[in-house]
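Which chain is which? They are A, B, C and D, in the order written, and residues in each are numbered from 1.
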Amino acid sequence: MHDTLTTLTELLRELPGIGPRQARRLAYWFVRRDHAWVERFARALIAARDKVKTCDLCMRLFPSEHTASRCSLCSNHHRDAHLLLVVEKDVDLENIEKTGTYKGRYFVLGGTTSNLDKEPERKVRVRELLARITLPNDTISEIVLALSATTEGEDTVAFLKEYLAPTCTNHALKISILGRGLSTGTELEYVDADTMKSALLGRS
Amino acid sequence: MHDTLTTLTELLRELPGIGPRQARRLAYWFVRRDHAWVERFARALIAARDKVKTCDLCMRLFPSEHTASRCSLCSNHHRDAHLLLVVEKDVDLENIEKTGTYKGRYFVLGGTTSNLDKEPERKVRVRELLARITLPNDTISEIVLALSATTEGEDTVAFLKEYLAPTCTNHALKISILGRGLSTGTELEYVDADTMKSALLGRS
Amino acid sequence: MHDTLTTLTELLRELPGIGPRQARRLAYWFVRRDHAWVERFARALIAARDKVKTCDLCMRLFPSEHTASRCSLCSNHHRDAHLLLVVEKDVDLENIEKTGTYKGRYFVLGGTTSNLDKEPERKVRVRELLARITLPNDTISEIVLALSATTEGEDTVAFLKEYLAPTCTNHALKISILGRGLSTGTELEYVDADTMKSALLGRS
Amino acid sequence: MHDTLTTLTELLRELPGIGPRQARRLAYWFVRRDHAWVERFARALIAARDKVKTCDLCMRLFPSEHTASRCSLCSNHHRDAHLLLVVEKDVDLENIEKTGTYKGRYFVLGGTTSNLDKEPERKVRVRELLARITLPNDTISEIVLALSATTEGEDTVAFLKEYLAPTCTNHALKISILGRGLSTGTELEYVDADTMKSALLGRS
């Protein structure tokens, strides 16, 4: 039978980005903290688990003390209800909000898919996205696929475009993707062909 | 008032080696885990807090289901009771045990001190160490200061040597420090003067 | 008086990106090479110095065995003579050529300038650029400022736009800059406000 | 046929630690330097090649204007003539000299060997070393093998010990290796078994 310190270490190793040495160091760190702090941390975990819900419109996690089933962004009537930005994960949404450059609605896919996946529907919430964009009385007119400019992001874009195409045609919904070009920090000495091509086409 | 997700993020930021972005990512990760896992993790934290004790002989943390007040190393009669290896922290002790090269007893200082510290006694458990080496009927004959070969380690060694000197003289206790020289991976092209000097003196 | 090895080391330290240790290692490396190789290298240096010219149209360096005063790109009648891409340095031009995405002409500025520079004309070849775009019988209709998406790049773009504005108006020349947006590898979790704004505006 | 810039780039790619991009950047850098500098650099290369000799006693490279066949260290009568430190390469010797901790003689092996090498004599100057330690009227009494604490270093030490053993026995020469232990910067949390074992044995 494992001792309590080893059990804690093994659970900590499941955390993303935490290696075996750091897990052990964290376990000792937790145990050396005073009891009140550990109690507070454990309570915060349980509280987050109990109070954080998945918004039934955009699928993002949001903290709710009440019986609300929609997050603050989805309930905000000042947001542009014609645009739906589809992102991979909660932290992408948070980062985009932080840039202050987008004022429409969101949808969180919950992951990416790859061309090699047999069942991409299990990796990303496409069925929920389909349901979202076909809600009666909805005002969305454009879906912006805001995936990272990586292989997984591009595979996911390709899959979504194909999956959503018939519905978008039927409902007169435009599908767009984020513009490509030089991003902050790009140096011409190292620019790749895809980025250069987009940067030339998109010159202004 | 903070929402539960932000509260959890802020507590996670207190963890050593976790930056603001990783804290946020971990908070989301915890909330996305199934409820049973979060419950299990919280229970493991509380259990570790409740079951892990500080050994009253070597000051290391050890998991104990019973009423034992001494860790397994201190209670092990096969360990050499003439040698006491003084280390900074629990993970140092664990790593040294893993090398399988030391068979004596340990003492965990709980930190390091610097030449600039006004009250070094508050940074390291010297009073407890003094008590440990003056236990009646004890058999220790040599104290090995096993601190890292860093500025803090060397400052701590200097402080301990001076602090323990009178007692060691009175009790005929030898104080030693770990040998210096080339460590695994040291390249002669980059070797520093201190290491080279020790390596030359310690040639064999 | 310096010995020859130290003299060589000091000259090698002037090379961009070479630190003192690497300079020393290179000096020994050169001396350990066989004599024929060193001879060949020295000859290649002198040959490059003697044979490489600055193209009097685009200011890039080009190797020329003959009396040509224009580089192969400037003499190539299949390149689009309506577009002039202004780059900072020779390796930028080479990298863009490697992407195979641009078929027009080039101009090499030879550096960047900063808003703090008192005499930006001394950092970048603007006078030569002005001469280039006002050549009689020239067919250029658009100047694309292809600077890196860095502070220096943006300062240089701002300076060039202002400096060239009157001439461009007089000669009906369009000035454009490369499009901004997600570049290959950009992750939404880390995207900055400028890039996100451009990516949204440039969605397609 | 290659142009001169490409020829120079390809020669620069042979330099140790220089990748293809840096080679190209260096080629352009050389060509952009003024002619006098390139001339000076080429002359320094040729001068180093012509003036730097291999010391016929220790095999190190040394700059010599005269007809001397021995380097300044080998001709220096104040160096301890009882100790011979065997190092892998010239920069190791230079670094050890810089530490100011060694006052004896040197021998430069010119490389390392591995247990897998069929003909280790071709990788390291053992025949020259053997000749060196059996010089008539020589006063060496101890050979210190100062190889890096790496696999190659240890393989080389093992080979040298075996190769030199009969001669050392016949000539009453002691063979030693540099002391192992904590080197500057070693942290106990990460120390490996070999280093810990040496550090414990060498405690003082």
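Structure notes:
Throughout what follows, contacts are C-beta pairs under 8 Å (C-beta built on N, C-alpha and C of every residue); 3 or more make two chains touch, one makes a residue touch a chain.
Quick caveat: nothing in here was measured; it's all calculated off a predicted structure.
Judged by shared residue numbers over all numbers used at their interface, chain A and chain C contact each other through mostly the same positions, with over half in common. Most remote chain with respect to chain D, judged by CA-atom centres, is A.
More contacting C-beta pairs link the chains of B-D than the other of the two pairs B-D and A-B.
One simple way to say how far apart two chains are is to compare their mean CA positions; for chain B and chain C this gives 55 Å. Spacing of chain A relative to chain B, judged by their CA centroids, is 40 angstrom. Residues of chain A in contact with two or more other chains: 21, 89, 91.
By the touch rule above, chain D contacts chain C in their complex via residues 3-8, 11, 15-17, 21-22, 24-32, 35, 38-42, 44-52, 61-63, 89-91, 94.
Chain contact summary for the complex, chain C toward chain A: residues 87-89, 91-92, 95-96, 98-102, 144, 146-150, 176-204.
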